[in-house]
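Listed below are the structures to be examined.
Consider the two complexes below, in which chain A is the common component and chain B and chain C are the respective partners.
Coming up: the complex of A and B.
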């Protein structure tokens, strides 16, 4: 029964240049740590036993929130607590960040860490002794995925509460390595594979998020067992940019807690672009979302219930947006 | 003016409140003797296997490993109940659940100890495992206890009082239901911890987070073969017990053995994962309940069957089995009653006693069924309950002696406070209100092992300056038992609580108390303390009376003075009176004790359920249920509890609120569940105890029925208030959305499944459909008490 951290070398670079150099020269057994709220328990459970841990907490270039060039830029090392509290951060993102875990965790966890959160599953996020007794799963070095033993992939679930809203808000992320940097849409960061769930190279660091200032409404709905601590049973973010009330020109619907990556429900998005937002179209779009997304029995409460909850979550987030929009239109009307 | 009633009935913070708040309390894991070694347990990865060979050579060779023991070092069987001596501290030749301890290591650091665990080689020969009630009761599988294959039945019982079949035949209405209570665990914040040391003179000292230092003492005596005088067990303040620290445990025995072998102190503190495997929590119980009613709603007969999934060992399970059938009769008058029950062994962590041991499960069934009957009979649920109440000072059909009962007042007061009548059946869709009641023992009538000695003893010593020390083995597990002792003694001696010194939970220093379980401490240790304090009081008053030439009956002891009643300036101070008494009589010491009256009925099994007094509770829950998600939000809880007399209303309220919290957790969230042999989530992320956000406002109502045998009239409050909470939630959910969830916990997936089934015109109920095919033993027929049935 292991309860203590394994031994490892600990590095704490103070600049981005030093950080990417360390990562680049470190072997495959080097990991980076942001807030550590997911990594440290994983190490205690021996899901990871890295030789070197590189803490990013002192990398100044990864800190802070600023508004420039028509975008809000958030350093990936910014604490979720700071994201929640900052007036520079668009409100939908702040509200979504406030649903992550608990105040204690948000005091330590970072927004970049949340975006890069490892996928989760009933068979992997378990103590070491449990995994030995049960047999190691595919993600854990074994050769079988216990969720779907006949398939040859890992179905572990993407669990970030920040990614759906950030994708809905057209966020880009800046990735930096020793050899260069690139900016990609956040949704391109993810791959629907429980083991290789991030497309960024191992030597790349996610340094910041850039949220463009687009005239839009956006919201995140998180269904969870308890009002704090728990991951989403299903999370749904939605956004739409408006020309005039009732007609959407760009709609995004993004789910979390369902697949190994955030899931955009393009069919429902296109339906709403075509049909516009109305109580009827919202229900229909929610139904479309429910019918085109599958669930596995790999998190809390089983797959059937979570499958049922997808249209509920989508409907609720859309209704919330429609309500806000109507209020806004009404406000405009009185101007 | 000195009031004679300064202490009892007043609101006082617990004596340890400031230390608790400051973090100054020394818990078991804070104990750190010099040179202490770190203990770790190797646990079985198999649910059921023979242990063929254990090789510790490589582990032993690791630098920093000081001692390793295996089952062969502790070959004596033990168990908390004399009839269930089925455990070894470390598996001897068979492992029976995933997580069962197999070997123990003492090392110089946690890192070394954990590395060494991986170096112990164990060869197992796996056997087929029994993982469900049905498998245990219906299939031929390798026996957990015994050789060969067969049904894994631990114990079964069949009792009948009166004529159930006859009464059912002539009943106007019959309700028949199946319920399932899935079982959960204590989830105390403090993980179990024990530190042992062994002196060169051969004295073993074990400091442990235990509710039962006396039973741990007895077990160490048996397993280690030491005389009792060579063992000292100290119960550290416990950071949450709830029944989870009421057995003697592997880590306690291993710590003791390793300390003896290495000559160095050894500490084991369990990880959260290990606490889930150590378990001894609420039994999963499948229940079949058939109740007959007359046209006007009187219960005519009850036939109840319980099927308990006991896990791998006995623990308190035989008692739990009997409890599932015993306390039905303490709230409602049941004229004819048949109880059939069976406890199965399965290859899972052993179940045991959790707050309410064996009674929340049938209480859930009874109270939900009463609501169903109320609909069928067209009688309001409150009226149906009121018309069936047990009378105070009566006997139940199964020979339980009932004394004080404030149940009627409890019901009336929660109904009034919650505006139940105006709300029930009348709230908007999605909001509901539900009611239920409960009852619990104020201490088990019999000790765990048969003996003629008192169940609790208290000693009081008074020093020459008037300082008073109260000694009792009662273990304070956060319920405030130490403060309770201070309340009783201070009140009796006219002193303040904070004037007293309390020495508790130490087998070397304190006289026997059997432990903090079965809600026995206030009633039993409280009475023993009152007895001892009364002896001190009488001795002082008689010496002072002689000195002042005043009749003892005219003397008063209050405000730290002894004086002639009506003249507070007369007499002398407490310390002068003490000195006078010591000068006259020698050392001022007194003892007191408590023995429960003989209550057992004329049948085998009647020892379970008897108690010198029963507490009563009634609960109303107001909630909202989301039809789309199945999520339940508790809006408010009203709980009235008959505690006999609130010695300290502040602590009574605390216990009620804690019981409500735990009851809500069991009703909606908590589940010790397994996927095959593997725990579904041995962590506080996966095992969902409610957070502060889920805890609604609780309106506590204290009812005082003044029990004739309780200390100052007091009864229990530690366990009873939990009982009605769970069925009140279930009944409120039905009121809110019209479906019945006959299974606990009521999770959102079950609610939505029931609603979807109802929408399709199918069943409006979610719950078990049947019970295993099991042949109960031949029924033992017991005559109801003389005079029972005469109204």
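Coming up: the complex of A and C.
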């Protein structure tokens, strides 16, 4: 049986100015829809019942990819399919974007929508009848987090595949509202809270990403149940600049799928800068990353398994990068 | 919420429908235009059974608002061929036994058509990647891939 969407007013601005005016004048029950591939299922499950949906499908100013002033600029309304296919987009970002969901979803979903993806959890993502029968959780308007009932916060999980690699590649994002605009580092867009997981104001629209051209190696490793479609059990992105063989500068290690925001593992980053890149230091840094993060039992497979897999994911992404940059290390794999 | 008359271009024909703002493309195709070749599966964008072409690109009609497809060209399985004049892919799917229960088949064919139209000679890997979003619980995919490969080997169809 078809699950109808809740009733709402549909608005379709044709310019960025009109879009931010509509968002600004809309109430708290107004939602913005980019590709809709996450929003539509959420509305079908009645996790969201907005009074107004503002479709960004006709705001062409937010679409397209260009290279200028030493940075690749990607409009937030650009389809993931176009990001994957564009030669203007740095390869690590293209490869990470290609791991989002399925080809059909990437033909509709946008890169901005992926960055602003709502958090997910086994409890909030159940059908409405199940949630009524079992009691609403914190994110659903209830008073208890069913994942960790003794705690007072929501532990729903950030699940973007683009955010970790984009943070690793020093991406900034431009936020526009009716009253002005600001550019912030992408990592500052997120807060580690399952309900209020974005720091942008409700009247602000994420308009574009700016990825600087920096000499660096970067990669993303995604572990999931089915390679064709699923969200990450754990995702790890890493980047570094190579000053000379064996020495890594400006290391970034960013995890997704394990907290309510993308998580930079500063301890492991600093360890690698201090110790340099070697098979041993990579294993040790991966272990540090695993010990820094606590998982909850709220997405695919168990909490303990996902916790085990964090060092595996970090080790694999770092080994892949090290092998790319130094042929002599190609036979040092530990698998 | 308002209802309005919206004209969609479906299989090359303008089709005017009185629709509410919250209608998905899948609802309009199946319930209003009676184009029931497009299947209603999971309704959440996971199974791929509702795939149709929008401007030649396969998308999931259960995730798309019908209003967002105004001014675009929509192609359903009915637009590819029929019993009297089937698409070569439909012939190949029958010959290779690439359908068992048949529920995923229209979307498989639609997705394969987009691949063949956009790609001169896809490899098996290309075919597997293209249909990665189409779940089939019967065939194990082998015969589906063989059927698509056989049409790909004929050149442009």
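We take it that the second predicted complex is superposed on the first by the 324 of 335 C-alpha atoms of A that agree within 3 Å, B and C clash if a C-alpha of one lies under 4 Å from a C-alpha of the other, contacts with A are read in each partner's own complex, and residues count from 1 in each chain.
Everything below uses one rule, namely that contacts are C-beta pairs under 8 Å (C-beta built on N, C-alpha and C of every residue); 3 or more make two chains touch, one makes a residue touch a chain.
None of the values given here were measured: they were computed from a predicted structure.
Enquirer: Output check: A:105 vs chain B and chain C. Expected answer is one of first, second, both, neither. What do you get?
Expert: It touches chain C, and chain B stays clear.
Enquirer: After lining up the shared chain so the two structures overlap, which partner does A:122 touch, if you call chain B first and chain C second: first, second, both or neither?
Expert: first
Enquirer: So, does A:136 touch the first partner chain B, the second partner chain C, both, or neither?
Expert: Neither partner.
Enquirer: What is the contact status of A:264 with respect to chain B (first) and chain C (second): first, second, both, or neither?
Expert: Neither partner.
Enquirer: Which partner does A:307 contact after superposing on A: first (chain B), second (chain C), both, neither?
Expert: neither
Enquirer: Which partner does A:228 reach: the first (chain B), the second (chain C), both, or neither?
Expert: Once the two structures are laid over each other on A, A:228 reaches both partners.
Enquirer: Based on the superposed arrangement, let me know which partner A:7 touches: chain B (first), chain C (second), both, or neither?
Expert: Touch partners of A:7: chain B and chain C.
Enquirer: Using the touch definition from the top, say if A:57 reaches chain B (first), chain C (second), both or neither.
Expert: After superposing on A, A:57 lies in contact with chain C but is clear of chain B.
Enquirer: Intersection of chain A residues contacting chain B with those contacting chain C?
Expert: Common to the two interfaces on chain A: residues 2-4, 7, 102, 227-229.
Enquirer: Quick one: which bits of chain A touch chain B in the complex? Just the residue numbers, please.
Expert: Residue positions touching the partner: 1-4, 7, 102, 122, 125-127, 129-130, 132-134, 223, 225-230, 300-302, 304-305, 308-309, 312, 316.
Enquirer: In the complex formed with chain A, which residues of chain B make contact?
Expert: Per the stated touch rule, the residues are 40-41, 43-46, 98-99, 110-111, 114, 117, 271, 273-274, 628-631, 669, 675, 677-683, 685-686, 688, 690-691, 693-694, 747-749, 752-753, 756.
Enquirer: Would you pull the chain A residues touching chain C in the complex into a rising list?
Expert: Residue list for chain A touching chain C: 2-10, 12, 33, 36-37, 40-41, 44, 53, 55, 57, 81, 101-105, 107-108, 227-229.
Enquirer: Which part of chain C faces chain A closely enough to touch in the complex?
Expert: Listed in rising order, the residues of chain C that touch chain A are 1-2, 20-24, 26-27, 30-31, 40, 43-46, 48, 51, 57-60, 62-65, 67-68, 111, 129-130, 132-134.
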